[in-house]
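Here's the structure, in structure tokens; my notes come after.
When the chains are written out, they are named A, B, C and D in that same order, and each has its own residue count from 1.
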Amino acid sequence: MRENTWKTAITSIAPNEIRLRGYRIDELMGRIDFGQALYLLLRGELPDEKVGRLVTAILVSSVDHGVTPPSVLGARNAASTGAPLNACVAAGVLAINRLHGGAIEDCARSLTEIVRRADAWGCPVADAADQTLGEYKQQKVRIAGFGHRVHTTDPRTARLFELAADAGVSGRYVEAARAVEAWFAKQGKPLPINVDGAIGAVLCELGFEPEVMNGFFILARTAGLIAHAREEMTRERPMRKIDQDAAEYDGPPPRTARS
Amino acid sequence: MRENTWKTAITSIAPNEIRLRGYRIDELMGRIDFGQALYLLLRGELPDEKVGRLVTAILVSSVDHGVTPPSVLGARNAASTGAPLNACVAAGVLAINRLHGGAIEDCARSLTEIVRRADAWGCPVADAADQTLGEYKQQKVRIAGFGHRVHTTDPRTARLFELAADAGVSGRYVEAARAVEAWFAKQGKPLPINVDGAIGAVLCELGFEPEVMNGFFILARTAGLIAHAREEMTRERPMRKIDQDAAEYDGPPPRTARS
Amino acid sequence: MRENTWKTAITSIAPNEIRLRGYRIDELMGRIDFGQALYLLLRGELPDEKVGRLVTAILVSSVDHGVTPPSVLGARNAASTGAPLNACVAAGVLAINRLHGGAIEDCARSLTEIVRRADAWGCPVADAADQTLGEYKQQKVRIAGFGHRVHTTDPRTARLFELAADAGVSGRYVEAARAVEAWFAKQGKPLPINVDGAIGAVLCELGFEPEVMNGFFILARTAGLIAHAREEMTRERPMRKIDQDAAEYDGPPPRTARS
Amino acid sequence: MRENTWKTAITSIAPNEIRLRGYRIDELMGRIDFGQALYLLLRGELPDEKVGRLVTAILVSSVDHGVTPPSVLGARNAASTGAPLNACVAAGVLAINRLHGGAIEDCARSLTEIVRRADAWGCPVADAADQTLGEYKQQKVRIAGFGHRVHTTDPRTARLFELAADAGVSGRYVEAARAVEAWFAKQGKPLPINVDGAIGAVLCELGFEPEVMNGFFILARTAGLIAHAREEMTRERPMRKIDQDAAEYDGPPPRTARS
């Protein structure tokens, strides 16, 4: 026996047989969507289709938000110097931290605390939220996941909560998020739930631990980083000054996917 | 007007409205799978469902291959020192290069050359393949995307080609890949198409340019990197020696997803 | 005036004139060593030659420690897949975290606390050290910078403290480090000051803030990472399994630099 | 014997004894400067002091060039999102590629070709340069290492060549660089040797292989990246828009290091 034996529960490899958490990968191909694959990798079990669709929707919600986020600037900045695609992605991912993408995890921790208090105190979630937000205010702590520098109502939030309700996973964390939003409204300075806050609430509902939540954003945004790095390589001259406020959209005009 | 104006065709941002390639992102959420989202980002158009399912299957095929690939070792190595999740992902992605993941692009270039020659010479793809492989042999060039150190028949290949046929996109690049496989068999040293070669062929069928093909692998494997980094953080002691041959699988036993 | 004006105190650029912290860079070239340059960049002033020599010695002490540190494995792992030199360095640097390299900063914080207490309590540093270590023991907190998995007496520590004494910067932080070492000896389990602890103590003496101390290790080790990445590229076959315990040294035999 | 035995010639580790290329590291500390340490790591031998001083001068010449280089923007961009110091450095290093920093290696390759031709043709280096540059012009190839977007005469070049002459290593590669400069002057569009070109020439004189030359720039600039990342963390608000043209220097006024 080797001295350094260790365990992994993710994937087993045998000749001509690759199994993810017990399932043959070729059997999963064409049968599950990417949200289900991610859920399976992180949780060890295949979610049902509605939950898979919800996780996929979380990923779709975060694939891109235009040219201004630091992750996109990092990827384009590297691309502009001649970096290969993987280095552009890595440079972009290194700019996903507490202040960019990290609101998902931070919001989830606050919502978890609110729900925990509601349980401990035997009170409605809304009361626990009011109490918690009051304390935050006194401590001058800002709760993450509310308000957006561009959007007064984040269109992704309503849609995500709708899909969560469809999947039967809209419970007390979503309730807590809404209670926080209501608290801000009562204070006279409305700060609606943004997409990060909504994702944090839904991932809590699904039982994910906060420590992996940043991973959903990293994975989703990697798709956007690839698109931006490639656009930089093909449309712009190398070593240009990238002025993030000077970009103009010249892609397809508004259209609808509804059939 | 600003001096440094530049153009982007990926995403437009307006207050309360985010559009990917013209489509409202909240409308896409819950409606498309992640393969469709990636296709839309890279190509500017929504693929039909079968093509979307095919792209998703490409992603699912590459989410993970156990603990030995260099990208996983890179991510676990960083995790073992206390790195945050995004740094683990970045360290892993930096190990995805020509020799790991890069076979997709390299194989696609060879298949493109074979198909181009068949067109130029007005001959069957199989003849162009034989001629090209003969030249490679003389030049001691190894074609990428064939053979695997573990699998004698890569189970992902057959499934991917099946889904490509379903989607109506199994044409001359897949034919070229099979011709290369047949050429190796005729030489008496069978080297079956591996998953990288199969992905390269299918992405050629879908009209992707070779320069972005590595991106499919980077994006897919990022899901696995997140799972491995998190497993390293939670199951292993820090700063351990990671012996890639000493891992034992202790996850769920073999099971089936078929309903 | 531009709206986003911001300030930098590091370097001024004018046509044909580059000034670091006010000094012409061409005037500095050939006149200062690299330790002085780093000190100048971080602190804004040129240190005298003895301090410069001390900072350089810190850098020299940490350039390399063979093939087993995670940073080196990260760089070699990337190199093995065909990564360019800068990606190898980045992958290695991403494995320099709290548990590898980070002991410098953590030790510095503990020594700072001990010295602060000695001041506040008006007692000898040794007494403050005993008290602090006693508390750590009760809280099961491990102080960083003491003990080494290979060295029972770290040869770099004695030399660094000697150079610090020469430079006239061996004061209460070095005293605190030695008091901690003495405390461990009194406990019957000797844990000598390792190079990280020694660097932490000396950087405290020099007045650096803990937040940049990791930077000294990152910068120094980058030199080693470049050497290892290049050795991997030139001496090893690609995509090999890197067994960190199976490396044998075959470089120059022991020799001395003394004239 | 272990199956995967491999060799390294860089560092040997034994209890209480660390040897770089045969020299005890504690003996080197305080005795050599960082340029000598880097030379020793990459070449296996200690250079004499003049060469060591020359290598150190190369490093000092490249530690920083203000806020506009992509590597600095990459590091500041990551810092702005809350990244730890090592991630800022990695993000910056990932922007050092062929178009930023890479001119050193590219110029070295051209100078090597010119010197090789002078040898092969038995002609003066200047004639080989004229012939080579003429061919480049016809092929519309741009030689790297000449001209600078800010400096009409790069002050670092003259100083570096002066130090190379002092160290007795100003030979045919420096001659070739000057011949290229003269060729541009004859064409009526002066493109003086910039610091990258000068470093490339001097590293050729010292016998370094082009493949490691980028490493000198990566290592040197890492010092600057640390300073910039830290300045961003301490002086700027998080998630700001970094307008590289809007920075104003507010550090120490012009001063001299001459004693």
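Note that in this section contacts are C-beta pairs under 8 Å (C-beta built on N, C-alpha and C of every residue); 3 or more make two chains touch, one makes a residue touch a chain.
What you see is a predicted model, and the numbers here were worked out from it, not measured in a lab.
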Per Cα centroids, the chain farthest from subunit D: A
Equivalent interface positions on subunit A and subunit B, same or different at half: same
Centre-to-centre distance between subunit D and subunit B (centres being mean Cα positions), rounded to whole Å: 36
Whole-Å gap separating subunit A and subunit B, where each centre is the average of the chain's CA atoms: 23
Centre-of-Cα separation between subunit C and subunit B, whole angstrom: 40
Interface hub residues of subunit D, defined as touching at least two other chains: 68, 84, 86-87, 90-91, 94, 96-97, 241, 243, 245
Footprint of subunit D on subunit A - complex, ascending: 68, 70-71, 73-74, 77-78, 80-83, 87-88, 90-91, 94-100, 102, 238-239, 241, 243-245
In the complex, subunit A residues that touch subunit C: 84, 86-87, 90
Interfacial residue positions of subunit C with respect to subunit D in the complex: 2-35, 37-38, 41-42, 44, 46, 53-54, 56-57, 59-61, 63-68, 84-87, 89-91, 93-94, 96-97, 101, 150-156, 158-160, 162-163, 166, 211-212, 214-215, 218-219, 222-224, 226-228, 230-231, 233, 235-236, 240-243, 245-258
